[in-house]
Amino acid sequence: MQAQGRDDEEAALTLGASGWQTFTRVTLPNIRWALLYGVIICSARALGEFGAVSVVSGKIRGLTSTLPLHVEILYNEYQTVAAFAVASLLALFALLTLALKALIEARTGRAHT
Amino acid sequence: MSIDVTQIGKQFGTFTALSDVTLHVPDGQLVALLGPSGSGKTTLLRVIAGLETPDTGRVHLAGQDVTHAGPGERGIGFVFQHYALFKHMTVFKNVAFGLKVKRGAARPTAPAIRDKVMRLLSLVQLDWAAGRYPGQLSGGQRQRVALARALAVEPRVLLLDEPFGALDAAVRQELRDWLRQLHNELHVTSVFVTHDQEEALEIANRIVVFNAGRIEQEGRPSDVYHYPASAFTYRFLGRANLWQTGPHGQTLVRPHDLRLSPEPAPGTVPAQIVRIHQVGPTARLELSRAGDLPSLEAYLPARDAQPFQVGQQVHVTPTAQQTYPVTPS
Amino acid sequence: MSIDVTQIGKQFGTFTALSDVTLHVPDGQLVALLGPSGSGKTTLLRVIAGLETPDTGRVHLAGQDVTHAGPGERGIGFVFQHYALFKHMTVFKNVAFGLKVKRGAARPTAPAIRDKVMRLLSLVQLDWAAGRYPGQLSGGQRQRVALARALAVEPRVLLLDEPFGALDAAVRQELRDWLRQLHNELHVTSVFVTHDQEEALEIANRIVVFNAGRIEQEGRPSDVYHYPASAFTYRFLGRANLWQTGPHGQTLVRPHDLRLSPEPAPGTVPAQIVRIHQVGPTARLELSRAGDLPSLEAYLPARDAQPFQVGQQVHVTPTAQQTYPVTPS
Amino acid sequence: MQAQGRDDEEAALTLGASGWQTFTRVTLPNIRWALLYGVIICSARALGEFGAVSVVSGKIRGLTSTLPLHVEILYNEYQTVAAFAVASLLALFALLTLALKALIEARTGRAHT
């Protein structure tokens, strides 16, 4: 952001753009792919997090439980089918994220050439 | 619009970029800020633009104090060395940007914007490129787009930071001519930064020479060139021969101010021609002198240089010279 | 050591960097590869150095085929535009690097390395900086360290990629002189890349002009300058006026090849003086001609320009000119 | 690495250095802080990983157990004191990593100016 941004943004400021206009019209379009990439990777990590959530949340079903915790709870309750169903859902999310990530990498790769 | 900067000081950490700089630029001038890198010329330009806040001193534009005004409120246009075009916008949108971000009644209607942008693009001979992206243009073309973009908001002052620094020699020459012509047509007060003395001497009305964060000299190109106030300016503005070091200081001579003759005369110094290099209308001769006197370089018109040969003994005298006290550096 | 490149071709994706380039550089020459950016001159230098592998063609150094030899096996020294010094090493260690990485018997003893490095550092006038880090030096000093480092391995060919491109005008001039002198002393075959025609004309023995991946022309500086083989070379080597476009093509004239007189004579064309710019020994005059003939620029020695004034009607004739067929571009 | 390295490394190659010499004398010294930083952050992540290890390892004590798993095992066995002791150890590692990370950031920050 520092590397590619400064000149552009200063140019926008000298042309009379406000700080907000500079951000939305110059900064954001430049970093949109990097930003989306960050959001997706971050969501993926958050979705899959287990240890920290397990300790902190208290595992109250339907309230502070997350998908990975739910898999454990179901598994411990011997509801194997339900557990595998939820786990499959998680796996599907993982595949989706991977696809999105690949798409964005292709996009930004192209934009740089 | 006139520009006045008064006693500007600016530090970056322990580095003094500007120290007590005062400068008046009258309305309608084309001024060059000239100096080596790190001498403070770009910092002063950025202070005038409002992109840098000075530690001390004031900036006035047309008599109005703008020291604390943002860059967008000053009525300036700024051109960056590396173009700073918006890569994700077409050339048209780049030029239209300054008009589209205006608020309320100040913002022209869409047809008015289109007319103006196309007029500017034909001014810079790039109307055919309106739909292209900056990445599809050459360096010279990009810089012309940047100029059109800066002019779109009708700035009362045009500030250019080494505008031709990133371009090839041939393109640079073309854009120099073009900037001068543009200034002749629009008469907008313009300040440009350069480290190329030839560029400054060629297109500016006034030259401001910077050295180590201070203004070393200021004046018309011919005055600055012919009467440099210090050895620094003399050496920075063109090649200099050290003719001799005497009790009053060092005497400097330009290569084209040396006269050569085969016969000795009063005031001449003997020398031997070591090398003759002639391409184009000027011949460059390298001369070595006896003893520990430094060697000399002389530029002669090609026809005057014809009688001389490498190895020949000649007698040299300066037709113009400047003497400066030797400063401990 | 002579350099021969034969029918070199190199593609980068869809971009043709070099196409069927053949060049012979005799032993001991100082050759300039000159051209606009993207014309292939740097790619050829990197092919000679072994930093780039050509798609087709061969490279011979001193008659030996080195097309597939690594850069370290070719006996070359390479100087980069941005110095490429090792930031974490002192100046001394930078220069000593090439000696210290030698293997077995080829590696000199520590005292021999120290002697050699200090000798090279005093050659580039930087013996006082042996213990400094590159970050503490100026651009010109860094490039001198880079040169000393390249010379330490006693290369039989010295390759320089825009060695002065990142430097200020005054420093650039100083280093140019210095490179020429160094070449006169060491006589090592040297090839340097530049986009500055003045630099090429000033210091090279031979000039190779590149255009769009091909060699446009090759020869001695005066031959290339006075007899450009194409309109491209003519325009690239200096300013060019378009005198007229006739049935045989376009006739080009250099600004210093125009003669002005107040009275008409056979062959002269009437023109009006629009602008006189005089700083230093040369006056530059801008002339507008009647009809749609393009305007002209004339360079006169200052004394010849004295009788003329802005607005005056004059009569112009070229003393030298070149006519080229108009190529569709 | 691509940004700062190429010229340096090419210079080393033209000076006759082998690929290995170039790597150890030019590339490594340039990237050593970035590399160490990566190693530390990576170790910290590996040390704290719970979910994946829990599923894959089989939790064989003294063989495929990691510190976070060990905390859980001890906790589930009502060895509260031991569990907290191991957890404190983990917290200590975390603090150490933070200190190292801050140190390296200060170093590289200085090297860049």
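The first chain written gets the first letter, and so on, giving A, B, C and D; residue counts start at 1 in each chain.
Here, a residue touches a chain if its C-beta (ideal position, glycine included) is under 8 Å from a C-beta of that chain, and two chains touch if they have at least 3 such contacts.
Worth saying up front: this structure is predicted, and the values here are computed from it rather than measured.
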| item | value |
| --- | --- |
| Centroid spacing, where centroids are CA-atom means, of chain B and chain C in whole angstrom | 23 |
| Euclidean distance of C-alpha centroids - chain A vs chain B, Å | 49 |
| Inter-centroid spacing, chain C versus chain A (mean Cα positions, whole Å) | 52 |
| Two or more partner chains touched - positions in chain A | none |
| Chain C residues counted as touching two or more neighbouring chains | none |
| Chain-level touch network, classified as line, ring, star, complete or other | ring |
| Chain-chain contacts as defined at top | A-B, A-D, B-C, C-D |
| Interfacial residue positions of chain A with respect to chain D in the complex | 48-52, 54, 68 |
| Contact set on chain C toward chain B in their complex | 36-37, 139, 168-171, 173, 195-198, 201-202, 221-222, 225, 235-236, 238-239, 254, 256, 277-281, 284, 299, 301 |
| Chain D residues touching chain C - in the complex, by the definition given at the top | 7-8, 10-18, 21, 25-26, 29-30 |
| Chain D partner contacts - residues on chain C that touch it in the complex | 49-51, 70-73, 76-78, 80, 82, 84-88, 97-98, 101-102, 146, 149-150, 152-153 |
